[in-house]
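Just below sit the structures, each encoded as structure tokens.
After this come two complexes, each holding chain A, first together with chain B and then together with chain C.
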Partner chain A sequence: MAETSSRLAIETDDLTKRFGGKTAVDHLTLRIPVGTTFGFIGPNGAGKTTTIKMLMGMLRMNGGQARVLGIDVSTDPARMKQRVGYVPELHFIYRWMRVTEVIGFCRALYDQWNDRLCAEVLKLFELDPNKKVKHLSKGMVVKLALLLAIAHEPEVLILDEPTSGLDPLIREEFLDSVLRTICERQRTVLFSSHTLSDVQRMADTIGIVYEGRLLAECATEELLVGTKRVRAVLRDGATPGEPPAGTIWQRFERREWLLTVRGFSPDTVAYLKAKYPVDSVEVFDLGLEDVFKDFVKGRRASA
Partner chain B sequence: MHYGALLRRLPISIDPNSHVPIYQQIVDHIRRSVAAGVYRPGEPIPSLRQLALELLVNPNTVQRAYEQLEREGLIQARRGLGMFVTENGAVSALTKSQAAVYSAFTEGIRAGKAARMPAQRIRTTFDRAWDDTNRGATEES
Partner chain C sequence: MIKALLWKDYRVNLWLLTLAVALLIGPPLCAAALNLHGQLTIGSAPRAWADLLVLTAPFSLAAQLLTIVMLGANAFAAERADRSAEFLAYLPPSRWANVASKAIFAIGVCVFVWGAGLMTIYVVAPQVGVVSADLVEFRDGLLPTLAASSVMLFGVAWLGSTFLSSHTFATGLGIAGPLALLGVLQLWHYYFAPSGFELGYWYRALCWPLGLAAFVAGTVYYVRRVEP
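Up next, the complex of A and B:
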């Protein structure tokens, strides 16, 4: 059991990608164990899609390494793709084909294809096999993309902002289908998203990426429980100095010193009380959205 | 403060925007359901898959919640059958619910102290809240 849980489905070491003079992905090191769901979050342009494209062997890396299910993606992408399902941010499905033709086309690309599962999901999604792709709604295209990504029963599912632009009902159906595939077998999922409530629902682990670098990689619960907002009210005339360990963001205005601290403990409060003349120190819980924003804002401020 | 928010919500729903981790919300929910007698000793609670799909959350998260409840002695696994409420599960749920109430009060007291309220004023505020809650309950029934 210990061996199974320590096996890695996705691992990158110092993964780097430059476009001209700009570094899109900067020495990114990821470890995603088999059977876990990894939520990849970051502002637009942070390098999420570029990372995913390198993992899928669609973009050449400038440095570092990436392995999916132990297979080096730059030397053997074809073998890797047989075992991976991918829903891209933009769906490259031939618009003039009928749904059934698209399925036949993709079926031919894989060694293994589960026709029964395919038929089941087709029915579940209420996809009309005879409709042309160009006549499908946006939600239907996303569902078709998911169907194509899971019908060969991949061990790893990679979803690039899969629910963006979907209405709440279709988003729910989509999440439900992804969860069903997770429930069925020990499947690994990597998905990027701006919908942080979805990330909190789905992800065991969260990676926050900014300017191509990983700011944090941590269990979802730990990130929420361990990151706190602290408010210290300083006495007249006092000014803040060295913040407590783990501070990722801070702001001082009037007498109020606000700090967001990762790995918060009672020591954080004790430190502030011992080092600064404070009137009061309060501690607040944060939702994932605030945690995410403070990580990024703090990084911007220190740059 | 979040316990108050949880009590007022629909019994089977989680808040994916909350600062309370989802696994903790599931633990609280099952515990409260046992304390309220929804699931009695010897009866099964929903399966991992069932609850994961119902709440639309990762089954690993439900599993972590169930593991914690098992460690607390509220539920136990029966091989191949799933999770069942233990004989003293209801007692244990009540004890833990008391801890939740304690922590909600602690939070209120801290807020009062931060606003420099004297102890007496915090106590009268508690009494008022108590009266209001009771009045609300009688109005509803």
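Up next, the complex of A and C:
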């Protein structure tokens, strides 16, 4: 376990959080190896932010365990935070502070701080050091938050929907900076976002969470290459039955049978042709957004 | 680390510090203005400045009750109200470091305002020879009650601040603490009428342990709490 833990940046075992009668995170088990960029996606209320807050030691867990860089987040959160950078969805940096004061304040709280990197990013983001936080635009506050998250050179970067509400230009700048940080320093990144094109671009591993549970976790490439949309047109009077193995979502209308199949192979088409009277079978590639939607719709339909 | 936290707490509570200083120097300044207009003369001679300082010290100390209860109430609830506590929560300082900084700042200000008041009464007054009968009465009568009330106001407001998201409510809770104690003691006196019962004595005697217990309970609760 110790050897396994040392190669894992983030690991959770049966992580559970309940708010009254509602279970927000339900026995979630995650394994994120060092150096991975993990895209954490799910619909609103799926438990992403709750999971992240528990990982950051900001929310008490009702069950299970969470470790970041081998440190138990519930017993030693202060030590863990020295090695982790976090950009939340909503920013509550002291509004009365000037940019330079926020930087000075945070600098004093970390064991290490890269002044050169901080100055570089400050310049890159065109942040006015003398401006008060309350006078910064939303995009500028997000940039400041990213600066604060990376200037102490953390081993793990946790981004919780950091680009929500940003215009495309600032989003692009933000993502470029994150990508540059990842490439330069081989950091582990946990990236949660509703903008799936961003996740697809950044993440090498995807985790889909729904109702507090992990529906799928695999390499982005593997998920996209291995998940296909199949359109089978059945002959008049024929009805669909048992779908092929790996079907995560299906819909039948008139004669058209649409299926989304994970772990697609030529055998899938062969199975359909052999088992059902089909006029035609077509196979389409899917983007991450469609894969995600079909996973969630399929889960809702089966619930 | 603690230096940065102290600086932050100083800035968050700057307006309270300003209020404390205003309440400290406001009464003597008012008295000085009245003195200049011949309103506080003894016979036809205006009072000496030191005399004015001593004369107004009880007012200053009594007014500081407001600062003290607000210092306790502001400790945690102010940052929870504007959600800056959430920013602080993902930075490295431990809960102990946070609580230590807040306690050092708040208690430091309390000690400063009380220290200034007590120095005026116990050091300046005898030095300049203006120990009036009124001052002696205040020193031996009301002063211990003010001190005990201050401890309870601060302790209960501090406790409220650790779990409330509004410093106004925490201030209200702080003020309600001593009033509730007075109410309970009055009821006790009314129903049981114990012989030799002295309300003031029991109020002062209970304010200290209750205020300190509330402070300790609040501190322990904050340290054990995970949420910002």
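Throughout what follows, the second predicted complex is superposed on the first by the 297 of 303 C-alpha atoms of A that agree within 3 Å, B and C clash if a C-alpha of one lies under 4 Å from a C-alpha of the other, contacts with A are read in each partner's own complex, and residues count from 1 in each chain.
Simple rule for what comes next: a residue touches a chain if its C-beta (ideal position, glycine included) is under 8 Å from a C-beta of that chain, and two chains touch if they have at least 3 such contacts.
All values reported here derive from a predicted model rather than from experimental measurement.
Once both complexes are superposed on chain A, the partners chain B and chain C fit side by side without clashing.
The superposition-derived angle at chain A (between chain B and chain C) is 150°, Cα centres, a multiple of 10. Looking at the shared chain after the overlay, A:95 reaches chain C, while chain B stays out of its contact range. Legend: residue contacts after superposition of the two complexes on their common chain; A:221 is shown touching chain B, with no touch to chain C. Of the two partner chains placed by superposition, only chain B is touched by A:183; chain C is not. By the touch criterion defined above, A:19 lies against neither chain B nor chain C after alignment on the C-alpha atoms of chain A. Once the two complexes are overlaid on the shared chain, A:78 sits against chain C while remaining clear of chain B. Applying the stated contact rule after C-alpha superposition, one finds that A:60 touches chain C and leaves chain B untouched.
In the superposition on chain A, A:252 contacts neither chain B nor chain C. After superposing the two complexes on chain A, the shortest C-alpha to C-alpha distance between chain B and chain C comes to 26 Å. Overlap of the chain B and chain C interfaces on chain A: none, as no residue is touched by both.
Interface residues of chain C, counted against chain A in their complex, comprise 1, 3-5, 7-8, 11-12, 82-87, 89-94, 97, 226-228. Residue ranges of chain A in contact with chain C, taken from their complex: 56-60, 74, 77-78, 81-82, 86, 88, 90-97, 104-106, 108-111. Interface residues of chain A facing chain B in the complex, by the touch rule stated above, are 35-37, 172, 175-176, 179-180, 182-183, 196-198, 200-204, 220-221, 224-225, 280, 282, 285-289. Across the complex, chain A is touched by residues 2, 14, 16-24, 48-49, 52-53, 55-61, 64, 110, 113-114 of chain B.
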